[in-house]
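What follows is a pair of complexes built around chain A, which joins chain B in one and chain C in the other.
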Partner chain A sequence: MRGVFGDQVLLLARRSVVRTARQPANVVFPLVFPLLLLAVNSGGLDSATSLPGFPTDSFLAFALAIPFIQGALFATMNAGTDLARDIQTGFLNRLALTPMRGVALLAGQLGGVLTMGVIQALVYVGVGLLVGVRLESGPLGILVLLAFAILVSVGFGALGAFAALRTGSGEAVQGLFPLFFVFLFLSSMNMPRNLIEIDWFRFVATVNPVSYLIECVRSLIIVGWDTEALALGFGIAAAITVVAVTLASVSLSSRLTRS
Partner chain B sequence: MRTLSVAVAVASRTLRTVFTNPSLLLPSLIFPLFFFTAFAGGLSSVAGVPGFDFPPGYTAFQFVFVLLQSAAFGGVFTGFGIARDFESGFARRLLLAAPNRTGIVLGYAIAALARWLVTAAVLTIVALVAGMQVGGGPVDLFALYALGVILNIAAILFASGVAMRLRTMQAGPLMQMPVFLALFFAPVYVPLALLEGWIHAVATFNPLTRVLEAGRSLLAGSPTEVAIAFAVAFALAAGFWLWAVRGLRSAERAG
Partner chain C sequence: MIDNTIEAEGLIQQYKKGPRAVDGVDLFVSSGEIFGFLGPNGAGKSTTVHMLTTLLPPTDGTGRVAGYDIVKEGPKVRSVIGAALQEAALDPLLTGREHLKLQAALQAVPRAERTPRSEELLYRVGLREAADRKVRTYSGGMKRRLDLALALIHRPRVLFLDEPTTGLDVQSRAALWVEVERLAKEDGVTVFLTTQYLEEADVLSDRIAIIDKGKIVAEGTPSALKSQIGQPTVEARPVDAADCAGVASAFGRFGELVPSADGVVAVRLGSSDIGLADLVRALDAESLKIENLQLHQPSLDDVFLAKTGRSLEGASQEESEEEEGDAAEAA
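On to the complex of A and B.
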């Protein structure tokens, strides 16, 4: 029985990956756009490293954490949009007529997102190393970064799946994009929280969970092994994943009505 | 006269579509406000970087960028509408019905401009409420907004050229990405003099740098290189007018 479940997950994960790979825009855009923003921001804000108290003398190293989270946001959109298309085209209803287990569908879908997340993380680390960023946490830090990228991709991918299952509309999923962007921009993305001068902005960045996801990745790059940043980052990512997967599972069971 | 009547009809229809549809109107209003909040709020300490000298402050420094960015993206968003019109078949019927088809391009440009003026008004009010300092007088401010108007027209002409050649919503990234890159390869966060390395080289040759730096100098009340900025903006608009009209001819040939 377990083997059958595994096969179902693998088949759907493969379908998810192949479908993404067949749409170059879905592969290239999530990879290239965060790198473009990284180039623009690190070039434009390099002089900010001369501010007293700035934690590194390379804004590129400081900002390298951002693509990891941005890439996960794009993964959310892609996963949600693909699943919504399955709902709109009736694929999900046809699947409901087969012995396929609902949880296999979700796991398969997230498997595709996870694969994309790992590819993105490897590209971002590779580009960072190529342009001269040295990870303070060393080679082991790269493994931790990959583990974090997997966790964040699954969590955000499940959020996208939840949105798709709840609304059944690709446009509604795309409508979440600005909301995610708000979370990203109102975080410690471009400036350490202690250097944000505007009180209300610093408060918003402090209560914004995305700040801690970014700071977790950033700590591995510019600090080394910061237990607090890692615990907060992994803890928040795990909490998002648990909540999102639970919500997606509940929505899936009500969506997959078998007669 | 025929051109004008076609332009007015196209502009009225486009504006009615935008202003009666919140999903089309709100992003072009909210995104500039959001960028303004994120940049002016989150990065205000950048004003403390040694060598940063902009007397009205960082809020005003970022306001000019966001104002010009909203002008450019106001044009791009209207370009999306042109692509949507082609996908739905409306634009083809429009090509058949219009006695003078150049009026179609002009109509979309008028709509883009009207749409941006609303965004610019909201953005300005929010910036003033947030305490933005203004050093320039009425003539300086008029020149700043005039630069925005020309940039808006250049952007809609660029976007309509793309939309009329490709005639699909999938052309969206091709309209958006070049404008995005041209804007962000200008001195967004600090003045040109404080940029270093490759970004300084790129920004130096980026025509939008002249527009942005002149805009900031106008808001500060110490105009510099304003004539060059207007020349660049007019050149962009004239070049993209040719691009848009040729795009229209391409759409006509496609039927």
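On to the complex of A and C.
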């Protein structure tokens, strides 16, 4: 039987999902935009597969990893913007006036992000399979992909929540979006790192953690079971999650200055 | 006996680099009492509520709500209070019923009681038909009523209402007054009500504290406070504003002149034997033409005027202008 805490987390997560579902732009855009970008990239960059050493002959399969990370970025923005709105409208005060523990609020918020992350991941995998991408890791790989999508969504969602709690401003949270996109574009999203010829770009892509998140997903699609890529991807995602959740928890404590 | 009291002693709230928003507030509210906290905008009403409801730790001083210390026993305080703060903080994308369901869970209302309690409150605040509509379609009055229902979901022993009728039409305001009175009289809930409306404080409150610039300047029952002022006041507006001095000189013989609006002379009558006719005769004798002459019994505004030298309405306006000025400066 669920306890009071479980009830609170579930209802707050439900609220987060319902809010997102009732704002069509928050559902459609994170699903459609990454897929459009995937279509454009895979059409325009398909000839890259003829480069010696390119790991697959389908750029679509190579690029299918990108929507997973883009989807997580959108989840970050939505989670952060919603929380900032709660601060601005005083809804957070309403929650703070209940005996609810702060951790329930954070867990509920992240529960909503996680649900959206799973839905997005299922759509991306489904679209990939529909257009003929073959998942080298098989059905078990889909489960691992979903687990990874959950971890990344929670980590990035916590980053959004941290920004919201720290600044209390939806605009500030949205201001992070271009910054995250810079990280995405300066990664190995469009080219394997060993094939990037410009030295500084290869260096930046190598030190950029986003590269390893993408390569983790990519390995499941085009390689199969690459232990090193999986370990690096899951390790970095877990580290981001731990740091972001810690930062968000500390910020929540200072935001809820209640005694 | 269950302790539903509110106590504060030397409560202070000082913001960084700013003046004291609340400057040594002492108060005691008895169980089942409706306590009106009256003051202009920016007087410190909401800050006091935020401290008593544990949202804002006081800089200094102590407070107890329903017997629990507001600093050391925050979770216990929160479990026995309900609060509807100044802005009805609702989620525009959720329905009224969804709000109640969420609030009931957050207040740890037993699962079996949540639905019947929500239905009862929706009925009581007249929102049954609108319960499944998104809050963004609600009027201001409906939002306030839902806010009150949310504050009551867990049957609180002490209820804080921060300017609950601001912006409401007369009908909604009257309906809310009836419900607040019922809560105190029938359910024994202690109500701490902040307001800037004199009539609301006068009609609804068993006792009132008037706060200005962070300090309580008067406290008592509405009738006791008004009786402190004593005799009625007569106000006269001369046809020609230049006659104000003459009117003041004529009125000065009947009592103490008191501050009033521009172009108006007011006197608090010195004795109950003096009638309006005496003043009219005095004005007539001096050939002073009067546009408007009014006799009025002491009101809470007179109490505020006597204690602070300003009328409550004027003080609210001043505060608004100051706020606008600050905003313009900041821009």
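FYI, the second predicted complex is superposed on the first by the 256 of 259 C-alpha atoms of A that agree within 3 Å, B and C clash if a C-alpha of one lies under 4 Å from a C-alpha of the other, contacts with A are read in each partner's own complex, and residues count from 1 in each chain.
In this section, a residue touches a chain if its C-beta (ideal position, glycine included) is under 8 Å from a C-beta of that chain, and two chains touch if they have at least 3 such contacts.
Just so it is clear, the structure is predicted and the values come from calculations on it, not from any experiment.
Colleague: Considering only the touch criterion stated at the top, classify A:V18 as touching first (chain B), second (chain C), both, or neither.
Modeller: In the superposition, A:V18 contacts chain C only.
Colleague: Could you tell me if A:F91 is touching chain B, chain C, both of them or neither one (first, second, both, neither)?
Modeller: The answer is second: A:F91 touches chain C but not chain B.
Colleague: Which partner chains sit in contact with A:P99 here, chain B, chain C, both or neither? Use first/second/both/neither.
Modeller: Touch status of A:P99: second partner only.
Colleague: Look at A:Q8 in the shared chain and tell me whether it touches chain B only, chain C only, both, or neither; answer first, second, both or neither.
Modeller: second
Colleague: What residues of chain B sit close enough to touch chain A in their complex?
Modeller: 23, 27, 30-31, 34-35, 37-38, 41-46, 48-52, 173, 181, 184-185, 187-190, 194-200, 202
Colleague: Which of the residues in chain C come into contact with chain A in the complex?
Modeller: For chain C paired with chain A, touching residues are 53-57, 70-72, 74-75, 78-79, 81, 83, 85, 87, 89-91, 93-94, 98, 101-103, 105-108, 111, 134, 150.
Colleague: Can you name the residues of chain A that touch chain C in the complex?
Modeller: Interface residues on the chain A side: 4, 7-8, 11-12, 15, 18-19, 22-23, 86, 89-91, 93-100, 257-259.
Colleague: Which residues of chain A touch chain B in the complex?
Modeller: Touch residues, chain A against chain B: 25, 29, 36-37, 39-41, 43-48, 50-51, 175, 178, 181-182, 185-186, 189-191, 195-198, 200-201, 205.
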